[in-house]
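Below are two complexes that have chain A in common, paired first with chain B and then with chain C.
And now, the complex of A and B:
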């Protein structure tokens, strides 16, 4: 490939980028970005969490058959919330809340991983948001890191006797930020090539900071508001995580 | 959002919709693997062109296709820029921004272009697959492929409840707006919390009603999936011929064939 050809291709690419419509979904790692090795690696990381989630689902659905309909419902909630695009001018893309923090405190982190995997597959197939080969990486960042971090923050906050809304706020906030940090790491580890993973990680993370910091706060308020509302109207729904296997 | 789901086009009658989902899935997986393993941009671009032709052949609106592919293309393009300025040692060109000199490297630009081609190629495959396969057939083929029944059930319920949630959210949000529920930052935050909670509670009630209706119809905790019928000759032909063609194209693009 000659240098002249490379220059021309580069310019064409940038022109094409400028001509594309502005709206884009940027949080999920797009189809085709991860090399096969990394894509496979993230599937392997996600697999044990999916197996544990399925085991938990089988046990709890055995006790109460309607449990699956509730999990499906929370899955739809994660699907809808993670489809709300918010522009990220510095990254040239869009960001969005994740909903996994709230899902984890409602149905437990194991089920949060399951509903995240379902939501991600449906988004990949029917919205071209995320992808099939990047499903493993996206499950890890959004379901595993987001779900478990949010749930852990919630438990920890309750342990130090923080009020319920504060604990729910922290779950929403940290699950969102954790998801973005994990996504940035997945991308930088896969794309650094011979360069520094840490430098690329900082760069990708920095690109999302201007919107992700307020977006995480927004997600925290959303989780706190929804949690407070459910606690007031239907407190029995909040017993669910304690019923199941919630490591 | 409902009209944005790709499978709204899967209700049409055309050759790709009629094709057995197992055949479509095997070709899609082979295509994604070929594009991912490709060391050059030629094969992913060829896959992209073929899928784009397929989308237009089944009369998917061009504007809709462009809007769908914009997301993957934009994020890949940002990564192209990052790669160009971070990776490589051979200067391609430089730009000065506010007195700071940035130099794009040839190796990074080349790798970035490969990434962009892969993203477009793979995304177009998934887009085509989602546009010509109804959701219920996707769930059926997932079960056939050995995905646990519980997981597929959750996927089916999630798909169903997505529309319920969207309807409920639109209704509650409209009611809040006419009551000036979003007239300031404080009220907006409060309204959004109430919106989330109300939608969830209403949907929980709907879920309970659905569960009761399912129980009344004999549901005992597992939805039965009937066996998939045998593939037609044309389906078998596609499933048997397309993956080897993709493999041959891959080997050819990689210079492994004479």
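And now, the complex of A and C:
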């Protein structure tokens, strides 16, 4: 294939993406949906992870000052990816990937929680995406569950000697599915009222399935592709998390 | 990278074709509306207006355009420093 055709393919790709509809969001729980008690509870759950993440950041930035730059770059990536509507033709709806699985294997799960909380705060303040009162619940589902589950899947896959791309794929896939499962749980716990939380959880999860099953697979490929790219071009960046995270 | 570019173009075009055939009228809403808001409304807790409502015409689009343009220029200018090309032996960075 000539360079001209390659360039044309890139241009076509960008134009096609630009033609997609703009406003479509995903797992973020909007302002006002959670009762104050539940909203406060999820803030309390998120708080220790944020404290651990900040402590981890201070320690690792002390060892390697450029670590903060990497965290900022990954944070920008999480912000963009978690705003990006992806149409899922099988379901006729749109949703977004989370990016926290990839973030966790690049900078560690503690930092994934930190960058997720910053991204979610900016989206709640300026994009009407999520909400300030529901920030705690969104941090727990996307940052804590998504980040730690993705990181755990990556470590486990590497432990059983799975190849790098497979481990990164599993990190992306499971962090996405885990995030939406956690959102289903926080919604069902808050909205069940006198009914069964388990029954409502199953209903909400089932409603997410047609969109999130294919989107999770997409996020797995996204994580594997990005990880492979960084591993090829900047392998030294991947050594930073190996220097150890504090918690 | 060529295969990735071609695959991306094909997938994107296929998606746009699906949009063109199905039409956007009321479809392709985000799962925040089709799932989260639906269950919340059924439980009597519909979403409320955000504290800061930035949904004012094309203002947000303009700000995104500015941010995207600035970010793209900076990222593109420093791309080789951010991600140096592969060496022949595949060991990563060409420079030190």
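The working rule: the second predicted complex is superposed on the first by the 210 of 247 C-alpha atoms of A that agree within 3 Å, B and C clash if a C-alpha of one lies under 4 Å from a C-alpha of the other, contacts with A are read in each partner's own complex, and residues count from 1 in each chain.
The working rule: contacts are C-beta pairs under 8 Å (C-beta built on N, C-alpha and C of every residue); 3 or more make two chains touch, one makes a residue touch a chain.
Keep in mind it's a predicted model, so treat the numbers as computed, not measured.
Chemist: Among the partners chain B and chain C, which is in contact with a greater number of residues of chain A?
Modeler: B
Chemist: Between chain B (first) and chain C (second), which does A:75 come into contact with in this model arrangement: first, second, both, or neither?
Modeler: first
Chemist: Contacts for A:183 in the overlay, against chain B (first) and chain C (second): which applies, first, second, both or neither?
Modeler: The answer is second: A:183 touches chain C but not chain B.
Chemist: By the touch definition at the top of the document, which applies to A:132: first (chain B), second (chain C), both, or neither?
Modeler: The answer is both, since A:132 touches chain B and chain C.
Chemist: Which partner does A:152 reach: the first (chain B), the second (chain C), both, or neither?
Modeler: In the superposition, A:152 contacts neither chain B nor chain C.
Chemist: For A:118, using the defined touch cut-off, is the partner it touches chain B, chain C, both, or neither? Pick first, second, both or neither.
Modeler: first
Chemist: Jot down the residues of chain A that show up as touching in both complexes, chain B in one and chain C in the other.
Modeler: Shared contact residues on chain A (touching chain B in one complex, chain C in the other): 1, 6, 9-10, 13, 16-17, 20-26, 30-33, 35, 76, 92-94, 124-128, 131-132, 187, 191-193, 200, 203-204, 207, 225, 229-230, 233-234.
Chemist: Looking at the complex, which residues from chain B come into contact with chain A?
Modeler: Listed in rising order, the residues are 1, 4-7, 28-29, 32-33, 35-37, 44, 66-80, 82-84, 86-87, 92-93, 104, 106, 109-113, 115-116, 118-123, 125-127, 129-130, 133, 135, 138, 148, 150-151, 153-162, 164-166, 169, 189-190, 192-194, 196-201, 203-204, 206-208, 210-212, 214-215, 219-221.
Chemist: Report the residues of chain A in contact with chain B in the complex, numbered from low to high.
Modeler: Counting only chain A, the residues touching chain B are 1, 3, 6-7, 9-10, 13-14, 16-17, 20-26, 30-33, 35-36, 39, 50, 54, 57-58, 61-62, 65-66, 68-73, 75-77, 79-80, 83, 91-94, 102, 114-115, 117-119, 121-122, 124-129, 131-133, 187, 191-195, 199-200, 203-204, 207, 218, 221-222, 224-230, 233-234, 237.
Chemist: Can you name the residues of chain A that touch chain C in the complex?
Modeler: Per the stated touch rule, the residues are 1, 6, 9-10, 12-13, 16-17, 19-35, 76, 85, 87, 89, 92-96, 124-128, 131-132, 183, 187, 190-193, 200, 203-204, 207-208, 211-212, 225, 229-230, 232-236.
Chemist: In the complex, go through chain C and note every residue touching chain A.
Modeler: 1-2, 4-6, 8-9, 12-13, 15-16, 18-19, 22, 24, 27-40, 43, 45-55, 60-61, 71, 82-86, 90, 92-93
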